[in-house]
Structures are given as structure tokens and as C-alpha cells.
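Look at the two complexes coming up: chain A is in both, with chain B in one and chain C in the other.
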Partner chain A sequence: MKKRTMETSLAGHSPRLIRSVERRLFLRQGLSLGALAMLSGCNLTDDESVQKVLTRMSRWNDRAQGWLFSQSKLAPEFPETAITKPFPFNAFYSEDEVTIVDGKSYRLELSGLIRDKKPWTLPELYALPQTSQITRHICVEGWSAIGKWSGVRFSDFLARIGADTTAKYIGFECADDYSTSIDMATALHPQTLLTFRFADEILPPKYGFPMKLRIPTKLGFKNPKHIMTMDVTNEYPGGYWEDQGYNWFSGS
Partner chain B sequence: MRSLGAVAVAAMLGTSFAFADDATPPKPMKMDEPMHGEMKKETMKKGDVKKAAEKKKRERKPSTEKEAAGAAKK
Partner chain C sequence: MEDARWVNIHPLIVRITHWINAFAILIMVTSGWRIYNASPIFPFRIPDGFTLGGWLAGALQWHFAAMWLLVANGIVYVVYGVVSGHFKRKLLPLTPRALLHDVLQALRGKLAHEDLSVYNAAQRAAYLAIILCLVVLVFSGLAIWKPVQFQEIAAIMGGYEGARYVHFCTMALMVTIVLVHIAMVILVPRTFPTMITGRARRVS
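Then we have the complex of A and B:
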């Protein structure tokens, strides 16, 4: 019997199907390589060359997640009765060390590929059309909690400031020195909100006053709090945890 | 009675426009203390985030300036 190779078994099929099968094969091989790297022990991962390979694999993973991401696929929303009380506080510092931002002098600074870089005051931001969502915050640490956030749809804000939505990334710098960045497709997702309220109250400092970017399609560490600057760019901005090796896309 | 009502309305309006103010001032962050949370490695300190932010700002400055200059020309 003639041995079936990928070429012979796909003969006569459309180039689109062939590309799809090749992609699946590549995915499977990529996953096998990843599993092998994980099985080979912790000491190995400290080696610089192994770190480079793992970083490259993680970036490939980012691209795969980007391809699979759909702006029409929505994160589940919940009724008010499902809200987690109390909502957990989580940061790299304790609750009594939370950064306090002065709302009266606050200005959201904009930079990069944006037509109108005028800084925004809080009253100006609060005056924008607002929407609410009750969604699940999922932490990379393994816990989750449901909360209610309200704010402006981020895609509307980007349109208002004339952001170049063909750019690849949006980077955020926060008052507590934290930073992160997201892909443009996620920024334009209808559930991505620039939020100013939590549980119908002005965001308390512990949940990110004056503003938090709420992205229910991404893990919690991709939801920056105390945002001070926003940068639209094609230069990969990374982020604090992402630069430590956490997966950059971290979403669905 | 009417004046009490006016005071109550004024207080409500005041709070609705007020920004979040915490009554208790925060403690300054102890930068040389280990980080909180499960994401950290054992050796990470709270101050590492500030140092990383300053380093990133320095490193990204030339490329972001170049990009901004290119966008301004268009």
C-alpha cells in the first residue's frame, strides 16, 4: 500500500484547506515542543538561550491568540445578583499602600499615533457617553470575581481622539509605575471599556481611581488601573509582567 | 426644616461631583519589601516596578520619538 504523505493526502484539495491543515500541524508541533521544554525541568529554563526560545514561543503564542481573537465573540455578562462581595483587592503592594491620584489635577496624557493629543481632565472624561457591564475578572493567579464597571467604550474614545486604529499596540503607564499594553483588535472590542466607576460609585483608589481599562476578554493583569498615559504605537511596548515572561496577549 | 433639606440636597450634589478622596492617607510604598501577590518571583521587590518603568521609558524614548516625528510628517 502506498504510504500516505501530507502531499498525497491533500492532493486535489483547495490551497485554503492545505494552508489550514499545515497550520494545524504547525500548532501541534509547536505544542509538543512547548510540552517538551516544560518537562525538561526548572533549571533548564534559567539558561539564557532557553529563555530566548521560550520568549519566541510565547510571541508565537501571542500571534496565534491574535488570529483566533474575534471582536464579535463576547465575554459572558452576569446579573447584579452574581456580583462578588467583597470584590478582591490585588496588586504587587498592600491595600494600605494604594496610590492616591489627585482627581482635581489629573490629566490623561496621550501620545503616539493619535491626531488630537490634548490631555483629558476627569470632568471631560465623565461627560462622555457611559455604559456598564457585569463581567468576570479572571486572575492569572487562579481566582476570579464578578464585578460591575462603568465607563466609555474604548473604541468610541479612540475614535474621538483620532487614534490610528491600524496601529498594532496601545501602551499604558500607571500612577503606581505599573505598565502594560494591548493589541488594537482587543482595544476595539465592544466590551473593552475605559472605566470610571465600580459598583455604580466613582472608582475607589483600591480598584484603580481615576480610571481602569476593563477588558473582560483578557486576564486581570492586562486590565491597568490608575492609568496616567496612553500611547498608540507600532513599536512593541511590552509591560511589567510581560517583560518578566508572562504571555503578552493573555486573552481569548 | 426647609434649610435642612437644602443642606441635604447640596451635600448629595457635592458628593456626586466630588472625586474619590480617601480619608486616610496612604502609607508610602516600602520599595525594598518583597512584592505582594502570586505573580512574583521570590527575589522581586516592590521597588523593582518603579526601576523597570524608568528603564523602559529611557529605552523606548528614541523609538517613540522617531515614530511620533514620522506621524507628524504625514
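Then we have the complex of A and C:
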């Protein structure tokens, strides 16, 4: 409406006037662009409807990453000389607050769609066939570091306990009150390892004693440490960071 | 209303994709700066006031939502530009000699802008460079997002860490060109409504 009035009123006026109106229009549009730019400094993300769209897009990105994920695409492996020393510590707490788990009384609890739910002791887990990998750990913050982890291939372990591998998710509860969950396709990837050693030594507490699920096809926060229970399920389990807005799939 | 004094110089599709692109880039750059701040690769941080998302998770949500808009819009624009001959007509030919000549003219404030339907060599170079920057940004972004699934792309850039440098430096180059572009629009304001209405005054 407004625009049409301006157009009709502009017709028949001198080019100079038109130019000055154009300039005014330009300035006003420039100002609104500036306002938009300033908005970006505020927390636009807190707006409910905006957040709804962003959350929906994040779910869409979960699906897109599921399609992109290839069971046979292997994460690059590195020589021993490429290992990052010292390997960075990272958690939602500081290094002096690391949880100490008692290895003697430790039992890995299994629940959900699993045939044999017998809890596992550490000696039993250590007795399983072990394999090693030197891969890049990539943090959601952007930094990365190369480390060596050893343990049992997770797909072998799932077969051994009779997990229903047609289920959608595996959720993990950890001794440090952390939790996360992964898709079954990633759980069955040949490089997904249930690890007990870091750099050929028993996992120190800061790297997740007694065990860390090492997934080189996912970001670092999807690699749970100090795992206490494992749940095979079709109900979306979420996770500590996922529930706060980090993308659930977070694949590499 | 047909008016003999006006001529349509920007096709509708170019105007629409231009503004969607501008919006997508604004989101990608400001959210990207917030993501950069979580683990800077250079000894500086971007002031939080210029960033989008509030915190890392929010910035990542914006970045990975707007990337679809940027890429989908970019594909429409590039396919149109190639198939319709728009690129060939408007952005080519571009010779180093013409570019040097026009840049020097621009620095002296003597660059001719009478006919907005023809881009001078400096404009052609700038617009082509922005398109190329965006292509590199998309591919380095894919390498950072999916360094395992797209490891072949990452390998070209020196792996995951290399791709982070390519992504940031290309962003810096693109933002610089965009700032020059905006400065030029401010110096020649009548180009601005033309990018909205498509119409410019006919050169007599």
C-alpha cells in the first residue's frame, strides 16, 4: 500500500527528488540491516519460536547425518609419532574433580533389549579379545588431539551379550553423572571400541577409568567415560549435553 | 507500469537469491565467529557482541540450520547463472589489465557508474571472488563437519586441522570483499534500490 502511494507520488517529479527519496529509502533500509546485525549480539536464540525452528533443524540434521554415515567409511588412523602429548583433559568439571571408580567392586550393568544381562567385572572385560587404534579425537569446540586407545570391538561385545541390534539407540550412564546415547549404526561401526587402555596403560581416571567408549566417527562428547550402565532401547535416551541443545548425532 | 526511462537490469531470480544469500551469510558468519571463540586457532577472539547464538550450542544450531539455506540458495543461483548465460554476460570477460585499470580508477574516485547494467572489471572480480570464496567455504565446512565421511575433501586441505584454517581464512577474505562491496554501495547509493526493484534509470 505504502509503496504504491510513493510510486504514484514520485511519478512526474524531477530526477533529483527521486534520487533524494531513493537515498532516504536506502538509509532507512541500511538502518534496519544494522538493527538486524545488532540483534545478533543479543540472544536471539532464546526467543521461543526461533528456538523451535532451530531445534527442528537440529533433528533434521540428525537424520541427514544418519544418511551420510557409512558403516564402511573408516576414520583415518595415525602412526605412534603423531600422538598428541600431553593429551588434553576435557569434561564438564575440572581435572581435580575427576570421579574415582573402585575397580575391584566395579560391575558394568546391562539393561534393555539384551539377552544376557549378567553384569561384567573388569577382569572379565580385560579377558576379551582386544584391539587398538590411533585416531583423532575431535571436540565440539573445534580442537582435536590424536590418541591411542585399546579395548574390545563394541560390535563383538554387543554380539556376545545378545543385544538386539535392530534397536535404535544405546544409552550410557556414567559414574560422573554424565550420560549420552548413540545410534545403532555407529555402535556397530568396526572402529567403535569399548576401551580399557589409553597409550598402552590402564585408563587413568582423568581419561575415564575403568572404561571409555571410543567412537572416532563422532565428536568427543559422544565418547562416554566411566561407563556404569548400558541400555539398548528404542526410546530416545538423550544425554547431558544433547538435552542442553548440542546436536544429538554429532557424527564426524 | 511501463516507463521508458527505466530499464530492468537485475532479473528477479538474481535479486531474490542475492538477498537470501546476504541473510544466510550474515547468520553463517556471526554464528561461525561464536563457534571460533570456543577454540580460537589465532591469538584473538571475536567480541561476543558481534556473534550469534549466545553460546556454543546455540551458535552451532544457527550455523547448521543456515548452511542448508546458503547451499540450496547457492545452487539455484549458480545453476541459473550458468544455464541462462547470466555469468557469461555479466561477469566475463575479466582480464588482469582491465581489473588493474578499474581498481586504479576506483581508488582515484573516477570509476564510471553511469550504466548500472554493465559491471566494471573491479565489480566482476569482486563478485566472482565472493562466489569462489563461498564454494571454498562450503567445501572446507563439509571437511570440518564430516572429517571422516568427507575425508577426501579434508585431505586436500591438509586434514581436519588444515580445513579449519582454510575455512577461517576464506571467511576473512570473503568478509573483506563484502565490506568493500557495502562501502561501494554507500558511495553509489542508487545501486541499492536497484537490487530490490531490479530497475535502473535508462542511460540516454
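What to note about this one:
Assume the second predicted complex is superposed on the first by the 208 of 252 C-alpha atoms of A that agree within 3 Å, B and C clash if a C-alpha of one lies under 4 Å from a C-alpha of the other, contacts with A are read in each partner's own complex, and residues count from 1 in each chain.
Quick note on the criterion: a contact is a pair of C-beta atoms (placed from the backbone, for glycine too) under 8 Å apart; a residue touches a chain by one contact, two chains touch by 3 or more.
All values reported here derive from a predicted model rather than from experimental measurement.
In the superposition on chain A, A:96 makes contact with chain B only, while chain C stays out of contact range.
When the two complexes are overlaid on their common chain A, residue A:67 makes contact with neither chain B nor chain C. In the superposition on chain A, contact is made by A:235 with chain B only, not with chain C.
When both complexes are overlaid on chain A, the residue A:140 reaches chain B and chain C alike.
Applying the stated contact rule after C-alpha superposition, one finds that A:53 touches chain C and leaves chain B untouched. In the superposition on chain A, contact is made by A:246 with both chain B and chain C.
With the contact threshold set out at the top, residues 140-142, 241, 244, 246 of chain A are in contact with chain B in one structure and with chain C in the other.
Those residues of chain B lying in contact with chain A across their complex are 18-22, 25-30, 35-41, 46, 49-50, 52-53, 56-57, 60, 63-64, 67-68, 71. Considering their complex, residues 7, 11, 15, 19, 22-23, 25-26, 29-30, 36-37, 40-41, 43-46, 53-55, 57-58, 61, 65, 68-70, 73-76, 136, 138-144, 216-217, 241, 244-247, 251-252 of chain A touch chain C.
Remark: chain C residues 1, 3, 26-27, 30, 35-36, 38-39, 41, 48-54, 56-58, 60-62, 64-65, 68, 146-149, 151, 159-161, 164, 186, 189-190, 192-193, 196, 201 touch chain A in the complex. Against chain B, the residues of chain A that register as touching in their complex are 90-94, 96-100, 102-104, 106, 111-113, 122, 140-142, 164, 173, 176-179, 202-205, 209-210, 221, 231, 233-235, 237-238, 240-241, 243-244, 246.
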